[in-house]
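These are the structures in question, set out in turn.
First chain A sits with chain B, and in the next complex the same chain sits with chain C.
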Partner chain A sequence: MPSWPAETKYISQPTLRVDAPPKVTGRARYSSDTQAEGWLYGMILRSKWPAAKILSVNLAPARQIPGIKAAVVVREGEFTVRFYGEEIAAVAGTTKQACLDALRAIEVKAEPRNDFAVNENEARKDDAPQVWQGKPNVAPGRVRERGNVDHAFGECAAVIEGFYTTPVQIHNPMETHGNTVSWTDDGVTAWASTQGITSVRDGLAGALQLDQSKVRVITDFMGGGFGAKFGAGVEGMLAARLSREAKAPVRLMLTRFDEALAVGNRPSSFQRIKMGALADGTLHAFEAENYGTAGIGAGGDSGGGGGGADIPMPYLYPVPNSRVKQSAVAVNAGSSRAFRAPGNPPASFGMESAMDDLAVKLGMDPLAFRLKNDSNEVRRQEYKIGAEKFGWKEKYLTPGSSPGPVKTGIGCAGAAWPAGGPSRTTQGEAQINPDGSIEFRLGVQDIGTGTKTVIAVVAAEMLGLKPEQITVKVGDTNYPPGPGSGGSTTCASISPTVYDICQRGLQQLQNQTGIADARGENWFAACKKLGVNPLAVHGTWIEGLSNRPAYGVQFAEVAVDTETGLVTVKKVVAVHDCGLIIDTLTLESQINGGVIMGMGYALYEERVMDDLSGVVLNPNFETYKLPGIADVPEIEIVLLNMPERGVIGIGEPATVPTAAAIGNAVANAIGVRVGSLPITPAKVLAALGKVPPVAQT
Partner chain B sequence: MNDPEATGGGAFSRRTFLKGLGTTAVAAVAAQTTAVAAELEKVNAERILGPGPVPVTLTVNGQRLKLMLEPRVTLLDALRNYSSLTGAKEGCDRAACGACTVLLDDVPVYSCQKLAVEAQGREITTIEGLATDDKLSKVQQAFIEKDALQCGYCTPGFIMSVTALLKQNPHPTVDEVKHACAGNLCRCGTHPHILQAVFQAAGVKTTNKTEVIHA
Partner chain C sequence: MKAFEYATALSTDSARQLAADSGAYLAGGNDLLGLLKDYLIPGPNILVNIKSLPGLNQIERGEKNWIIGALVTIAEIEHDAGIAKVFPGLHDAAAEIASPQIRNVATVGGNLAQHSRCWYFRQRDVVCLKKGGDLCYAREGDNRDHCLFSGNDCISPVVSSLATSLAALEATAVVLHEGKETRLNMAEFYEKAWTEPNAHNSLAPGDLILRVEIPTGRTASAYLQVSDKHTFDWALVSCAAAANLIGGKLSQPRVALGSISPVPHQVEAANAFLDGKTLDSDTASQAADLILKGARPLAQNAYKLPMAHALIRRTLLKLKG
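On to the complex of A and B.
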């Protein structure tokens, strides 16, 4: 059985990100920076109706605009659009300005439908307009039950009922979705802003009816995805068709506006939770009904409520008697997509809010209540370490007892990410040159998590070289295949693969050169003995070096101004188990990022739909607020290094518990629960009875 | 060139706007306003550009960049799409995210909200112009050492904002740094490391509180 070295020089140390220099100098070429020879600008015309039958699209006037080289319709003949922003047509031209003019010139004849539903609670009504005609908006609920719930509630010493809601959240990576696509007789090359070069390749090949070997996808640098960038998307297909027609590469990047409409989001959740515990604080009964929307459905082909809105319930804690009913609601809005730890942040918010509410009712300290009920040994250890560092005991006051108009409060919450772990089919190769230089090629992509750095660190460790001596190439489907970057799987997939490549390389070097141990100071001598031909080594993921799942707990301290309702996060302590840590520096960055994204979910972010017009009201950064540098609290991180567990990804768990911890801290500060994310000043003041509650549509 | 935006009936040119002001809106000061409007109209008549491409000369990172651009082309568009300077990024194209930040005579501006024709005669500095003779600037170096970036798409904008700050105020307070970066968004959540990097670049030692426990 292979194992990681016990003593390490680079693994578990802070190593500078290997691709930082091109990123700080502007040399890094992102997908949206692609300037392929003779490239054209591409743009999409989107539906201005939330529901309509498109009767005809006349592209002729657009083609008349000087500089326009191609124009295509999404589908021939009549077709239906089901949300504001659905794609109708696209143009390609020599300038952005020509494209803007051309989009205005396209003539669309449509029969708009005035009956549409964009909000979950409207769409759930029996007489609601059907998003998918002939299919009810609410899918038949799924019910899971264990034990005897109805009987068990009678045995409880304390029971709480709460309604906890979370909004539709938009990914909003800083680089929008899009591609530059070149389609010639030789095939298709796509420079894609993607988390999955292989899935983009296969998606394009399928849609364009090309051999997979005729499609190449390249992603040297990309500007974030968070789950929304796994496929080529409608925009990728349109760019390809435009390229075919124009006989030139087409760069089609979405606008910021488009990002809010058509390329994914986190489903909402409306969780009605009833939960009870025995007198000693043991959770005994749990009942929940949850619904949420994934827009028109996951991928648009699953009518009648679509999938993707279910969440894991009851979250984290084993409850012997539970009944959970969940259903998804279709609305006239863009489909959801995977979003960092799908299902988990909303589940965490509902469950962990209910936990604190029940602890209050039982008269227990919320942390003690968790330790009583959380059977997970890793998380228990994390709670103890975090509580010490955070000063839980010293800081904890009974809810609402903080003096003065600006009240402080604390809260905590736990995380689980069971879906991580490796992709077992990951492959890679290295070319070892006679001059001792070595290049690794893996068909993965670095979405900002430090994938290239991980490869360099593992290779340097195994070969006795320095990370800067390792050349790393990723982001090209011509390299051996690797997984999409999602679900905290990449690190656990590539680290064992690089390990295997290195072991095979060393073995082959020994076979060819007779040098028994080619590592470290022997490296260059051994490589020199290769003679003229470099050595090419292929490796695969191997068992025993990676693992799942990951857990984690976070503590938050907030100040709530009870006169303005403003919540300020003062401090977050994040304690996360990481298996064998590869690079403490990039890991720290990723945990900071998870916390800050969770803070946006807690306090600022929400897609707002307009009932009357069916449009997204906040499709830009002025009105869809992301946390800014002035909002960010002091974040203290504790990393649990557990080498014996092997390598584990951390991207998802870092963002799971933040919103729940902040929500609990707010409740602790003001003594009353704000059960709806984002926790805006208006909701805080309403919870305090100072203003009327915001109507929930 | 068929250009509905520039010639269409609904378009409000500066001239028609000024005319409108002069004749109806402010009758009380009509004489004076009309005189001003007439004067402006005269000046503008000589300076009307477009709608077709016009020659534009930009001074970017000390180099002259001669382009033919429609007057409505933004500075960001000119850099990214009419030259190979793609370091400034487009994140929103509406002055909200800061990824496109460049320096105009040492002042950080959103290049997506500046027309290229307006930037003529100014010293434009982009992220590509910060390193001299392949030697990184202090800010760039600090961003690397503190890992003040993840996907890196917002990084050029942050670095330009920070560069401008430190040039004007070499020893900023935390609040001053936050204020200087308030116009830059980062979705990966790199802010704590950006703060550390700014202070490192300013020569202030920062401590990292992260703790690794071998469990």
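On to the complex of A and C.
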């Protein structure tokens, strides 16, 4: 059985990411920077109606615009659009302005439907307009039941009922979705901003009816995806068709406006939870009904799975008697897609809020209540370590008892990410050159998390070299196939693969050169003995070096201005495990990012749809609010290194409990629950009973 | 955006002539370019670059008045030590505006003249009342950011933080209007927006803001706002106050609020009530009652009432230093 070295020089140490210099100097060329020879701009015409029958699309006026080289419709003949922003046509031209002019010149004949529903609570009504004609908006509920719930509530010493809601959240990676696609007689090359070069390749090949071997996908640098970038997307197919027509590469990157409409989101949740505990604090009965919307449907072009509206309930806690009913509500809005820990942040917010509410009712400390009910040993350990670091005991006050108008409060919450295991089909290769240089090639992609650095660190450790002596190439379907970067699987997939490549390389070096241990100081001598031909080594993921799942707990301290409603997060302590840590620096970056994203979910982010017009009201960073650096608190990260477990991913769990911990801290500060994310000043003031009722006009 | 001509004016007269009735002046461009890129306003057929106009980028420190040229940037106001000392309320308002990058190029004139931020107005595919449509979507729709007071069916509030602050300081905007310098206080500068849904201020086509004059008669001033976020976010409510404080008593007090009305919200009865009063929490609270009297909150913006009440109290008490 293979095992990681007991003593390490680079693994579990801080290593600067290997591509930091090109990134900070701007030399790194992201997918959106691609300038293929003779490239054209591509742009998409989107529906301005939330529901309409498109009767005809006349592209002729667009083609007349100087500089326009191609124009295509999404579908021939009549078709239906079901949400504001759905794709109708696309153009390619030599300038952005030519494309903008061309989009405005396209003549669309349409029968807009006035009956549509863009919000869950409208779409749920019996007489609501149907998003899919002939099909009710609310899918038949799924009920899961164990024990005897109705009887169990009677045995409880305390029972709470709460309504906890989370909004639709937009992925909004810094780099928008899009590709440059070149389609010639030789095949297709796509420079894609993607989390899955292989899934993009196969998607393009399928849609364009080409051999997979005729499609090459390249992703040198990409600016984030969070689960929404696994397929080529409608935009990728359109870019390919435009390229075919224009006989030139087409760069079709979406705008920030587009990102809010059609390339995925996290479904909303509306969780009605009833929960009871016995007098000693043991959870005993749980009943929940949850609905949420995945837009017109879940998983549109997700490729990465997930993205549905269901959430895991009662989440981390094994309640012996439980009944959970869930249903998805279709609305006239863009489809959801997998979004960093699909289902988990909303589940965490609902359940962990209910936990604190029940703890208060029982008169128990919320942390003690968790330790009573959470049987997971890793999390129990993390709670204890975190509580110490955070000063839980000293800081905890009875809810609402902090003095003055600006009240402080604390809260905590736990995480789980049950997926996150490795992709067992991961492969890779290395070329060892006679001069001792070595190049690793893996058909994985670095989505910004430090994948290249992980490869360099593992290789350096195994070969006795320095990370900067390792050349790493990823992001090309010409390399041996790697996993999609989603579900926190990448690190656990590639680390054992690199391990295997290194072991095989050392073995072959020994066979060919007779040097028994080519590592470290023997490396260059061994390589030199190869003669003129480099050594090519192929490796695969192997058993025993990676694992799942990961856990994690977070603590938050907030100050809430009870006169203005403003919430300030003062501090977050994040305690996380991910088995064997590869690089503490990139790991901490992942956790910082997860906490900040969770904080946005807690306080700022929300897609706002307008009932009357059916449009998205906040398709920009002015009104779709994200944390700025002034909003971000001190984040203290505590890492549990567990080499014996092997490598586990961290991307998802880091963002799971943040919103719940902040929500609980707010409730602890002001003594009442704000059960709806985001926790805005308006909602805080309302929860405090300070907002006067408004006479209906 | 639509095609337009571009010209650089070297004098106010030529700027005015170049702009004629359908041109737009380009200074910082933050607001204008956004409007053009989203096709939110008709025209303009010409952009007149006014950044080179002589004399409009000066701060003059007079005994009775400070004069701030229309091309002075928000960053210059923020970083001017004299302004921080003499008009701390103006400094604080400037420091809250947008981001450092925007403050570096945004100008006083542009800030005062900026268009509505209502998300229906800014939505490229919604034709709302302000854009010449029949309907204020916000009235029945999502009006969390909208007015507590309005004299017309449009409920898009004024969002200029400088206007709130300058109203409390009783400043005057000097505008080149039909060849003559016209003096408008902040109430007058915006009053057309109170009654006319299409207007966001009182300026006529071609009017050019030259400068702002701020009387030095009030030695204390303050500004506070609350936003959803801690920086780079619009105020949900903003409040400015200015007065003289002699022996703890207020004289010439003025309070103004932003983001709750199409105009800087000023209530003379409240100013009169405060005049001569000892500044304390009770007095401030009673003034807040007067200032917010008659508010007509909508389905989603009634939270602005307690928020504004708190801000009025805090801003007044901040006058004590």
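Methods note: the second predicted complex is superposed on the first by the 682 of 697 C-alpha atoms of A that agree within 3 Å, B and C clash if a C-alpha of one lies under 4 Å from a C-alpha of the other, contacts with A are read in each partner's own complex, and residues count from 1 in each chain.
Basically, contacts are C-beta pairs under 8 Å (C-beta built on N, C-alpha and C of every residue); 3 or more make two chains touch, one makes a residue touch a chain.
Here the structure is a predicted model, which is why all the values come from computation and not from measurement.
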Handout entry: Contacts of A:Ala71 with chain B and chain C, given as first, second, both or neither
Key = neither
Practice task
For A:Glu563, decide between first (touching chain B), second (touching chain C), both and neither.
Solution key: second
Handout entry: Contacts of A:Ala338 with chain B and chain C, given as first, second, both or neither
Key = neither
Exercise for the section: Check the contacts made with chain A and report whether chain B or chain C touches more of its residues. Expected result: B
Exercise for the section: Pick one for A:Val691: touches chain B only (first), chain C only (second), both, or neither. Expected result: second
Exercise for the section: Mind working out whether A:Ala630 is in touch with chain B, chain C, both or neither, as first, second, both or neither? Expected result: both
Exercise for the section: Determine, under the contact definition given at the top, whether A:Ala285 touches first (chain B), second (chain C), both, or neither. Expected result: neither
Problem - Which of chain B and chain C A:Met313 touches, first, second, both or neither - result: neither
Exercise for the section: Applying the touch criterion given at the start, work out whether A:Tyr604 contacts chain B, chain C, both or neither, answering first, second, both or neither. Expected result: second
Exercise for the section: Return the residues of chain A at which the contacts from chain B and from chain C coincide. Expected result: 97, 100, 622, 627-628, 630
Practice task
Sort out for me which residues of chain C touch chain A in the complex.
Solution key: 1, 117, 119-120, 123, 125-126, 137, 140-142, 144, 226, 228-234, 236, 297-303, 305-307, 310-311, 314
Problem - Residues on chain B engaged by chain A in the complex (per definition of touch) - result: 1-5, 70, 72-73, 77, 80-81, 84-94, 96-97, 99, 126-128, 130-131, 136, 140, 143-145, 147, 149-156, 159, 177-179, 181-182, 184-195, 208-215
Practice task
Using the touch rule from the top, collect the residues of chain A that touch chain B in their complex.
Solution key: 12, 16-17, 19-21, 23-30, 32-33, 35, 41, 64-66, 95-97, 100-101, 104-105, 172-176, 221-224, 226, 253, 255-256, 378, 381, 385, 389, 447-450, 577, 581, 584-586, 588-590, 592-597, 620-622, 626-630, 632, 635-643
Practice task
Please name which positions on chain A make contact with chain C in the complex.
Solution key: 48, 84, 97, 100, 563-566, 568, 603-604, 608, 610-613, 615, 617-618, 622-623, 625, 627-628, 630-631, 680-682, 685-686, 690-694, 696
